[in-house]
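Two complexes come next, and they have one chain in common, subunit A, joined by subunit B in the first and subunit C in the second.
Moving on to the complex of A and B:
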C-alpha cells in the first residue's frame, strides 16, 4: 500500500489584513495552518519584516547604527526614505518616542506633523507605534490618525485602557488598522478583540500585538500564548482570535542587559552591536516559528537575516 | 474537544403558529423563528414538518429552500418520519455551511435512513431505540452498536452520526436519568458523538421549573460527554450554561465577555 501522508486540517482561517496602499501594500495572515506547516495546509501570506525608526534622534542606539544612518536619523522623513531606498524592508515602523511624558512630551500636533511627513516620503506601508503611555497614546493617535488618513497605517496600539479612543480614531473615523495590545495574556487578547468589535471595529481591521519579550526573558510563556491563540483560531475556529499577529521584537531586545552592557563593562560578551543583532534575530526567528505574521527589528543586519529566513522557509 | 453543537428546536409542527404556517406555506412565521434562533446562537436549525403524509416532499423542499436562501445556507436538521420528504429535502439542501442532519434514524424500522445519509453525504441522528423506550444503559449501547455496524456497511463516517440515547422525562422517570447519563458517557468513551432532545426531561413540569431542569440536566450530560442537543436556543440561561460548560471543558477560550459571544 502506498504511503499516505496524514494531514492536520483546521476549520479556522486567519484573517487577511492589508496595510499600506498601492504596489507596496502588504498583506498579513490568510493561513489555514500553523506557521510554515505547508505540508498541512495553506500557509497564507509570507511573514513580513519591518524596520524601526523613531521621531527623535536615537541617542541610545549603538554607535554602529547611528553611524550607518548618519544625518538621516535627525529627520524622520529623510530617515524613512533612507530606509526604503537602502534597506527595502516590507514596512517601516515609526515609533513616536518623543511624545513620552517622561521624555520630550511632544504634543499630539507635533507628532501628527512628523507622521504625515514620513508617510508622504515613502511608498512602503507604515506602522505607527506610540509611547506605551496609554493616556498619551490615546491623545497622540487621535491627531495622528487624522493626519495620515488614506494611507491605511497600522497603529500600535489599542490597550484595555485606551481601546475606545484608539479604536474609534484608527478603526472607525480614519480607516486605518488597529493593533490590539495585550501583555501575554490569552484571555485579555480575546477580550480586547471582542471589545473592539463591540465598539464597531471590524475583526478584519485588527492585528494583534499579544505582547513581546526578549528570548530568555519569560519567552517560553509568550510562545505558549501564541500557540494557544493560534490553536483556538484554527482548531476551535474562534472568530474572535483569527487576527494576524505583529511582534515589535526590537522594542524589547534592545533594552535588556545583554544588549545594553558596553563591551568595557562586559568584555567576555564581546561586541555590543553583534550581541544586539544576535538577540534580535534569535527572538524574531523564534516568534515567527510559533506564529507571528510580522516582526519589527532595528538593525539592518537583522532585517537581512530575517528576510533570508522567511525566504528559505516560506 | 469541539464546542457544543446547538440544534434549535423551535420550527416544529407541534407549535400552532408553525403548523399553520406550514399548512398555508406562509414564510413569515418560519423565517421569524429561524432568525431568532440563529441570532441566539443556534448552529443548526431543526425543521420539523410533522408526518406530512400527503405533501411531505413538496413541503420539505419548500422549507429547506426558504430558510437556506434567507439565512446564508444555515445548516439544517431535516425532521420528519416521512422518508421521502427527507430525501426531497436533501436533494435541494446546500451544504456550504455544513452537512444536513437527518432527524432521525433508529435501530428498528428507521435504520434504512442510514442509506440516505451515506448517499447524500449527510449527518444523521441515531436514536438508541428499536421499539418503545430502551430499558437501561445496556440496551441503549446494544442499539448504538447495531447502528454503528449499519453505518460501516453503507460507508458512513462514524463522526457523522449523532447518537441519541433518548432523554426521558424527569417527572415520573427519575430512576431512569442515571441510565441516560451513563449511556452518554459510554458512547462518548467509544469516541462517538451524542445528541438528544433536551426539553424531554422537563416535560409536564410547571413553566417556571422547566428551564432549571433543562439547564441542570444539560450541565450534567455535558460533563458525561454530550456533544450536542436539540434545544430552545432562545432560553438564555440554558445557552449561558452551555457556553460556561464549553469554557470549563476548555472547548472555547475564556474572555470576560464570553457570554456575549
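Moving on to the complex of A and C:
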C-alpha cells in the first residue's frame, strides 16, 4: 500500500469574532480544522494570548509579579498601559474582583469608571471579567457595558442565571461581544448559546467560555468537552456550537496546591513563581491544543512562551 | 476489516467453559471484538479459526512492552483518537536525555533529579520512567554512560539512541536483558539493526527525514518480519513534528493502516531549544496529541507537577471517575481543635473542596467516606452518601480522637441529611455548609470566629 496522507475535511466552520477597535483589534476563530491541523485545511486566525490585570491591588499574587508591576498595579489604567507597552499581549483582561460581594463589594458605578479609564488608556482589545457572582455581575455589567460603549469589548460572562441582563446589555444595547459561560458540559454550552440567540444576541457576537480547571484538577472533562464541541461544530456543522472559545487559564491555575504552596511548605518543589508559570503554560497549551481560540494568563513568562508556541504553528 | 462479536462467536466452541475467564463464549467474543481481549485466551479455538481471526482482530495499534521488572510498562495499544470515544489506555511515558558528551557530574545530577522527583498523586506513582541514552560520537564514553546509568540503581527503562550497530552491540551487552528500546533505525542500517535486536525481540525505534520515508522504512522492516517497533516523529520544526505525530496515530486508528500502528517518540527537549517553559508547552501538547514517549532534557518538580497531573487526567477512563482513598485528611495543619468537613471521594470534588479549604487557611479535617466515586448529589441519589454511611465512617475513622471539636460540616447540597445525622451522631453538632465550594473560605472563617467567640 502506498503512503497517503490522512486528510479530514469538515463542512463546518468556527465563526470569526472580532474584539477591540482599530489596528489592534483581534479576530478569533474562522477555522475549519482542529487546532494546529493545517494539513486538514484552513486553520483560521491564530490563537490569541491575553494578560490578566485586576481592578484592585493583587495582594495574593506571587512576589515576583508584584515587584515586576510595582506601583503600576495600584492603578488599573496605568497597569493596563504598562502591560500594553512592556508586554504587548494580544489583548488585556480586566478582572473586576473588587466588585465581589464577599470582598470589597464595589458599586457598579465604580467598576464602570475603572473600566472606562482602562479602555481609554490602551489600544489593545479589552476583555472584561466579572466576579463570578452571577447576580452582582449582571448589575456591574449593566453599567460597565454602557461606560465602554464603542470599544467592542468581550464580557466574561453571561451564565444561565444572568444571561438575560448580561446578554441584553453587552450583546444588544451597547454592541459588545458576549462571553457565554457554562460549566464543562457540551449540552449546557449549547443551551446557553440557544438562549442567547432567542434573546436576540447574534451567534457571531458570542464567544464561549466553557469552563476552566488547572491541569490535574478534572482537566480531562475540559479536554473532552472541547473535543466534543469542536467535532460537533466542524463535522456535524452544528451552528449552535460554532463559536470561538476563550479560556481564562490564570483564574484557575494560580489557586491550586501546586502553585500556592510556598517554598517553605514544600522545599522539594522549588520556586513558587516557577511552578506558577509551568502550571499556567501546561494548562494553556493543553486547552489551546484541543481547541481554545484564546487564553488568559497572568505571568509575562507564560505570555512569552505561549506567543512563541502559537507562532511556531502559524 | 473489523469482525463483530457475533462473527467471532461463530468460530468459538460455544461451550461456555469459562476457561477464558468470561461467563460465556459470547461475552468473551464481544470483548475480543472490542479489542479488549486477545483471541488466544480461548484454549479451544481451532488453528484454522485462529488464523482467520488473528489478522482481523489484531489491534490497530500495537501494545508494546518496554523495560523489565519494576520498570516494565506498556506503550501504545490505543483504539481511539479522542478519549471520549472510549478511553486512552497506556499513558505516555517521560524520558530524560543523557549523552556521552555529559560530564560525570552532570550525569549524576540528572540521575539525582530523577530520584528526587518521585511521588504519588491519587494512587499513581509519578516519576520519570525512561533514560534516553544518546550516542554523540565517543564510543567508550557512550558505553560508560550506559554502564553508569545502569549501575546507579535508579529504576528506569532504557532507550538507546544510536544509529551505529557496532556501538550498539557493545552497549546492548550491558542492558539487553532489560528490554530496552533501540532507537536509530534508518534506511541504511535497518538490516543490521534488526539482526541486532531480533533474538531478544527488543523494541526498535525508526527515524526518517519525512513521514513518507518513515512509512516506507516501516514497510522494509516489516518485510524482515520484525514488528516490535516505535516510530520517531522528528521533523525539522515543531509544526512538522506535530503533523507527523497526528498522522501516524490517525492513519493507524482511523484508516486502520497497520504500518503506523505503533507507539511514537517525541523529543520535546530538542523542540524546546533550551527553553524550559517551551519544553513544558511542547510536552503538554504531545501528551494530548499522540506522543507515547516524551523526552525531556531534565526533570524537576516545576515540570513534573503539571505534566504528570495532566497525563493522569488525560488517561483517566471516562467511564471510571478518579477516586481518592477514603480517609480523614488534615488540611492547613488541622489539630485537636479543628472542625470536620465531610464530602465525597470523587477526585474532582475532593480537589475542589480541598483547594478551597486550603485557600481559607483554616485548619480543617476533611472526612472522605467511600461514596462510590460519585459527586455529592449523584452519590446521595445512589444511596452511597447518606446519614448512615457518613455516621458509620465518622465513628470508625477515629476522628473523634483526633479533634475535640464536635462540629461536622455537611455539603450544602445534602442539607436534607442534617436531622437524620443528628440522630445518628448525637455527640456532634451538624452544621450545613455552603452549596458551592467557592464559598467555603468565607464559611470557614465565620465558623472559626464563632468557635473563638464561644471559647
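The rule we apply is simple: the second predicted complex is superposed on the first by the 309 of 314 C-alpha atoms of A that agree within 3 Å, B and C clash if a C-alpha of one lies under 4 Å from a C-alpha of the other, contacts with A are read in each partner's own complex, and residues count from 1 in each chain.
Everything below uses one rule, namely that a residue touches a chain if its C-beta (ideal position, glycine included) is under 8 Å from a C-beta of that chain, and two chains touch if they have at least 3 such contacts.
All of these numbers come straight from a predicted model, not from anything done at the bench.
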- Query: After lining up the shared chain so the two structures overlap, which partner does A:150 touch, if you call subunit B first and subunit C second: first, second, both or neither?
  - Reply: neither
- Message: Under the stated touch criterion, which partner chain does A:191 make contact with: subunit B (first), subunit C (second), both, or neither?
- Response: first
- Query: In the superposed arrangement, which partner chain does A:277 touch: subunit B (first), subunit C (second), both, or neither?
  - Reply: second
- Task: State whether A:301 touches subunit B only (first), subunit C only (second), both chains, or neither.
- Result: second
- Query: Is A:290 contacted by the first partner subunit B, the second partner subunit C, both or neither?
  - Reply: second
- Item | subunit A: partner with more touched residues, subunit B or subunit C | C
- Item | subunit B versus subunit C as contact partner of A:313, first or second or both or neither | second
- Query: Regarding the shared-chain residue A:228, is it in contact with subunit B (first), subunit C (second), both, or neither?
  - Reply: both
- Message: Give me the intersection of subunit A's contacts with subunit B and its contacts with subunit C, in residue numbers.
- Response: 228
- Flag every residue of subunit A that touches subunit C in the complex, lowest number first. 1, 3, 5-6, 8, 36-39, 102, 132, 214-221, 223-224, 227-228, 231, 255-258, 260, 268-271, 274-275, 277-279, 281-286, 289-290, 301-302, 304-306, 308-309, 312-313
- What residues of subunit A sit close enough to touch subunit B in their complex? 186-188, 190-191, 194-195, 198, 228-229, 232, 236, 238, 240-241
- Note on the structure: Given the complex, residues on subunit C that touch subunit A span 82-84, 116, 121, 211-212, 215-216, 237-239, 242-243, 246-247, 250-251, 254-255, 257, 259, 275, 277-278, 280-285, 287-289, 300-303, 305-307, 309-310, 312-314, 316, 318, 347-348, 351-352, 354-355, 358-359, 438-439, 442
- Which of the residues in subunit B end up touching subunit A in this complex? 2-3, 251-257, 260-261
